[in-house]
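Notes to accompany the following structure.
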């Protein structure tokens, strides 16, 4: 059982903080009521519209690029922590990895994928 | 000279293909025809040299050449001839120049392609009849089908597409069964495609049963035996003249050759088991073919159905397993090649003039075309085996061979010969005698010199083989005895009991 | 200090070379104008170098990356097949892309990436590597299928392919997971040795996994009953892409299929043998019977490609070394004949997508005899007629199966060959027999690259048909 103590504490803290935040906002926050605010979802889009509404493809592009570089960060963190233990091998590997990503970035950049307009 | 004599068969195989290459570079139509004719004549001369140097006393393969082709599968390029195959090679070489001649004026479009196809069939057939390696055999067996198909669909009669398709589908079904059989043989016979090695092996009854069945069906379709014959009348009647000649004269012989080369020596037990039913099928084919031929109003169809009937004699002779029967069958194959080719060429000559194959469109030809009628008459009576013509010898020998097995079959088969006499004479009466049916038929020109040159060799052969078949018999004697020893045991030594000629 | 793993870069050299070239093409495309010819040459150079570099390790099986990557004759030969088929596809695309207005430089780079995935697939000896390879290949193909962005059919093709491909990947991954769950390893060699002891053989999890693998691979190679996407996708995609899809990636997936089933789980072949036999037979029948009623050339070849998957499955079922070598030989032979046929479709294709019906080929035999003869050669070879490559390939596959005693299967396969002639001959009949409807309009666009492809294909089809010896002995190693 002992090895689960840390995890249980983590779980406890996480639920505590999340629940606490919800509780605190409902207790402390100001409460004004108007039409838009009372809609079940509050995300800047109208409730009742034609389902064939189009999104600009740029949203998807940004989302995909975000995921790409997000995952890059996911790989970078553990590497940074183990940097010394991995030594030269780890350095070269990560260098290659970043190089390949760099090629992708260069491609996206030149193609204009980063320009909004 | 050694290079020439040692590789005689390879030269025979190469020359038609070289001819095709030469044809590809010639522009003028007249020249193309002459070159094609020259190539086929060279091939004929080579086959005569082959025959001249053939040792009749030997039973083994002669002029054997072997080169490794695909070592992984033990596949070789191996060719050679024995007394049976040399006759069929000679028949092929004999008919091809006539094919070129008989299409001299009849074929006006795409002459080069047409003649190339004839040469392709010739080259492929020589390989089929000489191959000592099953893979090589199968490969070229398939190759013969393509030029025939194109000949039918490009130059054929009005119903050519359906006829061509029927021909291909039947042939393919047969050859794919053959492929399965060959693979089975390869695996059960020691992983080799060498014909001679495979023939030496013995196979268990079960193996024999299945392998025999695969080979038998393939050859029966090619032959064609009743009930696998339905492609033949269509293909024959729709093909152009040279196509019909090649089909009837040479391609059908592949079936009979296959029986002799594969089924009998390799699967003697299964052959013996199946023989009774095959013999009855043959008898049925003889009667049925003749009976249907009687009802035909189309000249080419009539000849086609007479082929079915004649091929019945071939299978009858093969599966009685005695020397008379088999010699008769081989002779019958050879003679049928000559007479049927001659008949198809004659019909082609008429067709070139009137563009009709209907019997009712003719009549009274003896007035405008006396020379033609003389030849046509000779070939027609040869087709029903009048004594003195070549077919008589073959059919007679087959019947003698059959008489050791079953008298009933002999009697029924004689009925078939009578039927043949009936349909041939009736056809002659309607075409040659009486009054011309149409105005056109009155004015038909008689044979030209070229047509005479086509028919005279055939006429000479019909009579000379009929009167003196000795050389043909001698050629195959040793091989036939050897074949029978392989089939029913080594104790058989008798030569054919009947001697022909002086 | 964590010890550095052993990295065998030489084994990986074709993958590395090709990836570098793919990235190079991608970047170079940004800096050149509208003329993409230089990319073509660069891609061809990359494929050539990749093929050559695959020979670096010799022929013996060499395992690297903790036994998950293997270089052996199988993978080297297939690398060559992939290089050839990708090169042919690229050469075919040059004039096609110009005519169709596809000015996308990434096209070539994606083909190269796809080839990388194929090489990975052919060389992997590990379930995870196989999945990785399949995904590289599939994602590239989803993009390639939709490369004609303005074309409705192309969009449909891409979407259909993507949805069904994603499903198939899911099945495949689930199957792999279950196999892993049952055996405790993802290495094919280890799976084989675990299964050598009988206790795991009947585990229901394992059997479920195998069934899911069959389903997943069945989708990827378009075998019946998982073939529904193939005709639509093949018809909708740009023709060079169709040609490419029907050869290289299919061969690669078959390679992985073969590796898993014959190297990984041969010990439980009692269980998958029957399933695959049934799949092979219905694949052949549905493919061939389906092709008979097609009027569109691309659909016709799509169905024919389905039926060919059936023949290749027969080689897989044979499970012996002969089967492996026949599989390899057939892949190469099929690459030549299929690309040849597609090349001719492409040079007759017009901008507005006309001339794809069988009846548009009427009269071709007289107007363009050389093209018609080449087409006849390819079609007859696809049907399996000697002396062409298709015949030797089928002969080889059927020998392998007969050797293992699958007589019924072979007889059915042979019967299917006969059926297939019906529709191949139909095209030939149209070319030589039928008069064209209206004026004869087909004007082939004879770009040098397309002619080169046809030349190579004719040469390969005939060469492999008459002198297959050297190639066969290479595959037998």
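Note that the chains take the letters A, B and C in the order they are written out, and that residue 1 is the start of every chain.
One rule holds for everything that comes next: contacts are C-beta pairs under 8 Å (C-beta built on N, C-alpha and C of every residue); 3 or more make two chains touch, one makes a residue touch a chain.
Being a predicted model, the structure only gives us computed values, none of them experimental.
Taken as a contact graph, the chains are arranged in an open line, each linked only to its neighbours along the path.
Taking each chain's centre as the mean of its C-alpha atoms, the one that lies farthest from the centre of chain A is B.
With centres computed from Cα atoms alone, the innermost chain of the structure is C. Rounded to whole angstrom units, the spacing between the C-alpha centres of chain B and chain C is 44. Rounded to a whole number, the gap between the C-alpha centres of chain A and chain B is 82 angstrom. For this pair, chain A with chain C, the centres built from the Cα atoms lie 39 Å apart.
Residues of chain B found to touch two or more other chains are absent. Across the complex, chain C meets chain A through its residues 1-2, 4-5, 23, 26-27, 30.
Chain B makes touch with chain C in their complex at residues 69-73, 135, 138-140, 142-143, 145-146, 149-150, 153-154, 161, 164-165, 168-169, 172-173, 176-177, 179-180, 183-184, 186-187.
Across the complex, chain C is touched by residues 82, 85-90, 100, 103, 106-107, 110-111 of chain A.
Those residues of chain C that touch chain B in the shared complex are 380, 385-387, 391, 395, 398-399, 402-403, 407, 410-411, 414-415, 417-418, 421-422, 425, 429, 432-433, 468-469, 472-473, 476.
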